[in-house]
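Here is the structure we will look at, set down as structure tokens.
A, B, C, D and E are the chain letters, set down in written order, and residue numbers restart from 1 in every chain.
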Amino acid sequence: MRSILPILTVLLAIVAVWYAAAVWMNSTWTYDQAARAGVEVTFGEVVADTLAQERPVLPAPHQVAKGLWDGLFGQKVTSKRSLVYHGWITLSATLLGFAIGTVMGIALAVGIVHNRAMDMSVMPWAIASQTIPILAIAPMIIVVMNALGLQGLVPKSIISAYLSFFPVVVGMVKGLRSPDAMQLDLLRTYNASAADVLLKLRLPASLPYLFASLKVGVAASLVGAIVGELPTGAVAGLGARLLSGSYYGQTVLIWAALFAAAIVAAGLVMLIGLIERISLRRMGLAR
Amino acid sequence: MKDTTTSAVIEARGLGLTFETNDGPVRALTDVDLSIGKGEFVSFIGPSGCGKTTFLRCVAALEHPTTGTLSVNGMSADAARQARAYGYVFQAAGLYPWRTIAGNIRLPLEIMGFSRADQEERIERVLSLVDLEGFGKKYPWQLSGGMQQRASIARALAFDADILLMDEPFGALDEIVRDRLNEELLKLWARTEKTIGFVTHSIPEAVYLSTRIVVMSPRPGRITDVIESTLPRERPLDIRDTPEFIAIAHRVREGLRAGHGDEV
Amino acid sequence: MKDTTTSAVIEARGLGLTFETNDGPVRALTDVDLSIGKGEFVSFIGPSGCGKTTFLRCVAALEHPTTGTLSVNGMSADAARQARAYGYVFQAAGLYPWRTIAGNIRLPLEIMGFSRADQEERIERVLSLVDLEGFGKKYPWQLSGGMQQRASIARALAFDADILLMDEPFGALDEIVRDRLNEELLKLWARTEKTIGFVTHSIPEAVYLSTRIVVMSPRPGRITDVIESTLPRERPLDIRDTPEFIAIAHRVREGLRAGHGDEV
Amino acid sequence: MSGAAISPGWIVAAVIAAGAAFVDLRLAMLLALWLGAWFVNARLSRLKGPLPRWLVPAIFGLTLLALWELAVRLFGISPVILPAPSAIAARIAGSLPILWADFVQTALKGALTGYVLGCGAAVAVAVLIDRSAFLQRGLLPVGNFVAALPIVGIAPIMVMWFGFDWQSKAAVVIVMVFFPVLVNMVAGLKATEPMQRDLMATYHASYWQTLWKLRFPAALPFLFNGLKIATTLALIGAIVAEFFGSPIVGMGFRINASIGQLSLDMIWAEIAVAALAGSAFYGLVGFIERRVTFWHPSQRR
Amino acid sequence: EDVTLQLKWVTQAQFAGYYVAKDQGFYDEEGLNVTILPGGPDVAPTQVIAGGGADVVVDWMPSALAAREKGLALVNIAQPFKSSGMQLTCLKESGVATPADFKGKTLGVWFGGNEYPFLNWMGKLGYATDGSPDGVTVLKQGFNVDPLLQKQAACISTMTYNEYWQVIDAGITPDQLVNFNYTQEGVATLEDGLYVMEDNLKDPAFEEKMVKFVRASMKGWKWAEEHPDDAAMIVLDNDDTGAQTEKHQKRMMGEVAKLTAGSNGALDEGDYQRTVDALMSGGSDAVITKAPEGAWTHQITDKALQ
């Protein structure tokens, strides 16, 4: 609750800057149109016009808010014009992808930490895999998966997992290696098995890294899910909304979809933050 | 021949260890010859940096000697570690911050597969042995330095290994508690016939506890003197006022001073 | 009236501190009344967990008392901290792993804006004071436990604060080094007229060093006895064999035992 | 560990390969190649010295390429679905000037500029957030929100705002790398121990002194996590942003234009350049990390 | 029988015929169960059909022929679009009135297989497209008309039925614009045709299926031409993104009807030859280097249109 005031302050500042920027960025069009029509415009008219354009360069906050409101609450959630409907489609692919990516990422990190051969060979190629522009191979992934008889949620989730596993690997490799020498030595004196070292030392010690990675990973998952929507003809989901808004120059629609996506992402990140706080507290690490 | 090797629980011959560091090698141990028999209580004393910790770590197979041979329980140090032959108390408490005190003591018990009931029972016992009843549910950072150290002693005692390696376990304790724990340790030793390697900086403590006192000296770390204690096994606290005790303590102090002398 | 407050460097009245923990409050300090004058050397002794560290932390304004008042140098503890009135030696070494030993000692000097040349000179001086010449370029993990502790003492001495708060600084050192450092500390104290608060577990150390010895007792942490030393300011090491010394030590031991008694 | 060479795992693997031979001989060949290479690598990785550091990943990569080539040939995969590595190599050799021009446009101008600015901004904001509890509570949620905007949505907007050239790509990269670096840096700035902070308090170190001498070094292991993840994101970001409008040069442009021509060899040639550049960039950041966080347990194996 | 159709672009009136055929039950009458997959900027229909993701695709002839030369044997089995709808739309105020004014100007072009007619045209006009001073500056344009509105480009590519109207809707009047229609400039290439894999055609069952499909699809197209508003509504019903507007789709249907008018589905050999000539005339930039063989067939339409 204490955060309400700061958030509001920051939001207010942003909205103020935003309005100013909207007037500034959209005024070119206003002046151009006036020149084309051969009329003079006063500053007041310019301001009024810039905040109500149909295809603004930067839509005014209230325009986006209205677009968001219409999209979220303006219709039945099952309607194709509802952002809730599209958001849900994207969210489900995100969650599945995130789950796959996280499990894969942790598994790979565990392998890398425990196996020298894997450490040396997998990591460079995991890095290389991430430099492949996803939008370029997404269509191929979809085509190949399609040939394997997989359609719908799964191919999108695979792309989403592909983007999210990497931050998890990088963070977890570091986290799993973060216990100091004495903490490891202690377990060696017990001749603890590798599994024990993992479960009782490396995993708990890696938690701060894990949560930082998960936050990045879940945001990446969402991007992956949205990207994954494009090569399937972008029929539904926030990615489809973004793209179709873009085709028809419906700037407000783009921004509303963009905000919906960001709300989903921020919600997921906050959820992970919450889990982080709870688990750190339960482990006595929150001080 | 066979006899001597089986009775020597820890046997070091020409042991040496050199660390490579950013500004040249550091000879932490050279030419250490030492044989510790079953049921002995051997203390290591010497100026800081003389290699006491390093030697204990070699015995525990946490460090690998660069020269010489070392056997523990008739096998290699590593094999002994794998047979869980010893309990080790580190110089710093090293409790896991995400586990409560009881959880920290439970750690080795879980790993070694003790039953749940047995775990609880042992935790209770060692907590009271080190005077920490009622602190089981606290986290390490909620304890004072001395309490943390006692918790780490409790952790090493919990699983009853035959060999105990203790690196300045009582360093952060006041005299009274220290006396009490010294007595407890002696009782435990007498009862269980454990073999104990014990690093300390206190001469009276070394003399009071040990059957043998190893005096070490630094740069390079080596053994300069080994003093056999002539005190009886049964040792009430006031044995420390006997002339015999004072004589041994004197000899240790001389040894220590000599070690310091040739370098300061 | 004015006079007494200015001459008391540290003045605690009815000081109390209670920690809130997951299983109930812990009363670490209650009703502590203590006044330490300029140039005094006050030792704190008591069983582990009795609140010695907590008291020192209150004086250093690292912990905030829940009841009572505390003034340092005539101002609030926090103001004194901000005036960099003291050097603090923690119970654990707490060196920064990314700095060499010299770098760690340089840390407060950088922060307090000493000139480069002055820094080098001071580092050299304190390194030799704690017998660590030649280890300036090593990293903390390359040092033994005792060496790390000495490095942390050097760090606190480097910037010459008027008040020194030392939490078991010599805990991990052997008797010889400890004696030497005790002597050095006394010399430093005599030379500089610093006010020193010193936590120790060693009764002889407390008696040898202090002008006053504060005996504490746990649960709840409180002062049970304050013993004025009648020893002269000039103290050769062999003062420890004088009857006067032994008498004071005896009184301290009795006080300690009493503190233990009413809880065990 | 030492017995791994003939451990049950290997026997199981061999049996699987043999079993596969009954199903499909081609599959068995691929499996056998894979297992053989892994076996060699498992051996090599136990050697000491700098050689395995390079050899092992190289063998691993070559194996992947060999498997790929073999699979394409054995299963007769159409070159418009997946070209063979040999075809890609031929294309690379034949198009060096184009690839270089694209690389300069996308990787150097777009990705690198954006990376530097974005990471810098994230570190600065992390410090700001850390500095004031007010901002911490106000800015972090808003920052989470703004920085989680999906690239697909922001790229067209950036093109509209900053034009078709590399500036808009750099802007996309800034937004993309911002979040991972921010999150890691914020976590890193929290990662000091109470006693380390207390020590600074006893010196009455100023905020900036504490930041510079304690929290920043302590945050470095986390920061580098973010910086490493950001290297790959920067490249993807710059390339993908070109899909939404670009001059007729650039890696993303080339990939996008080649899809219509079904020149998959060209697409993969660009991907190869991206992978190479990305790995080199990542390697560089990793190298710097090893240099400056040498003291962290994870670097002291 | 199942048929999967991959479109070249998103669900819009450009593909009304197929949606109408499905909605009005024309496919059902033929006993076909047709799945229509929308496309988009990230969907290359050629790749989808190569990967087995579709039986038949809607594509433009330049990219189909380019794919054929790359070894993907695509065959045109029907050509519902008679004329080309592509044009270059310029703002008058940027100083473009005739092709002679292009020099030094920035022109927006769609890539991804759609750039060939443009490159061919520039070749004919003698403009370099590599950024050299005497030529034109080419931008790979995104998917909307913003570059024109923001004056980032003097001209952009538009379709008569889509982007052009977006410019108008944005508030620019037709008299402030100059249009260069590819057909009028004599560089038109054939647009939306139906393509299948050559090998499949040898299978009589597949052939039979395609006959039914083309017949029903053309029926759909002709229905759409006659009922443009209803067709637009059918398209809207099938748009899963919910981003299309009624006004825009109705107008698009009206324009699309002009392009499909005059085609009964069978490919006109003359049109084909013009397209091939245009594509081969590009010199070093030529899209195809040799005249394609067997790139089209009347085998299906002949049977379908009996």
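Things to note:
The rule is short, and it goes like this: a contact is a pair of C-beta atoms (placed from the backbone, for glycine too) under 8 Å apart; a residue touches a chain by one contact, two chains touch by 3 or more.
Nothing here was measured: the structure is a model prediction, and the numbers come from that model.
Identification of common neighbours of subunit C and subunit E yields D. Ranked by the number of C-beta pairs in contact, the top chain pair here is A-D. Each chain gets a centre from the mean of its Cα atoms; for subunit B and subunit C, those two points are 28 Å apart. Chain geometry summary: the mean Cα position of subunit A and that of subunit D are 17 Å apart. Subunit C and subunit D, compared by their mean Cα positions, are separated by 51 Å. Subunit A and subunit E have centres, each the mean of its CA atoms, that are 34 Å apart. Shown for subunit D are the residues in touch with two or more other chains, namely 81, 156, 160, 194, 243-244, 256, 259, 296, 300. Annotation for subunit A: residues 57, 135, 139-140, 143-144, 181, 230, 243, 246, 284, 287 touch two or more other chains. Counting only residues that touch two or more partner chains, subunit E has 41-42, 44, 47, 50-51, 142-144, 146, 150.
Pairs of chains meeting the touch criterion are A-B, A-D, A-E, B-C, C-D, D-E. Against subunit E, the residues of subunit D that register as touching in their complex are 78-81, 156, 159-160, 163-164, 242-248, 253, 256-257, 259-263.
By the touch rule above, subunit A contacts subunit E in their complex via residues 28-29, 32-33, 36, 54-55, 57, 79-82, 86, 135, 138-140, 142-144, 146-147, 230-236, 240-241, 243-250, 253.
Contact residues of subunit A toward subunit D in the complex are 2-3, 5-11, 14, 25, 57-58, 115-117, 119-125, 127-137, 139-140, 143-144, 166-167, 170-171, 173-174, 177-181, 208-209, 211-213, 215-216, 219, 222-223, 226-227, 230, 238-239, 242-243, 246, 254, 257-258, 261-263, 265-266, 269-270, 287. Listing the residues of subunit E that touch subunit D in their complex gives 41-42, 44, 46-47, 50-51, 63, 66-67, 70-72, 111-115, 129, 131, 137-144, 146-147, 150, 152, 287. Across the interface of their complex, subunit C is touched by residues 193, 195-196, 198-206, 209, 213-214, 217, 220, 293, 295-296, 300 of subunit D.
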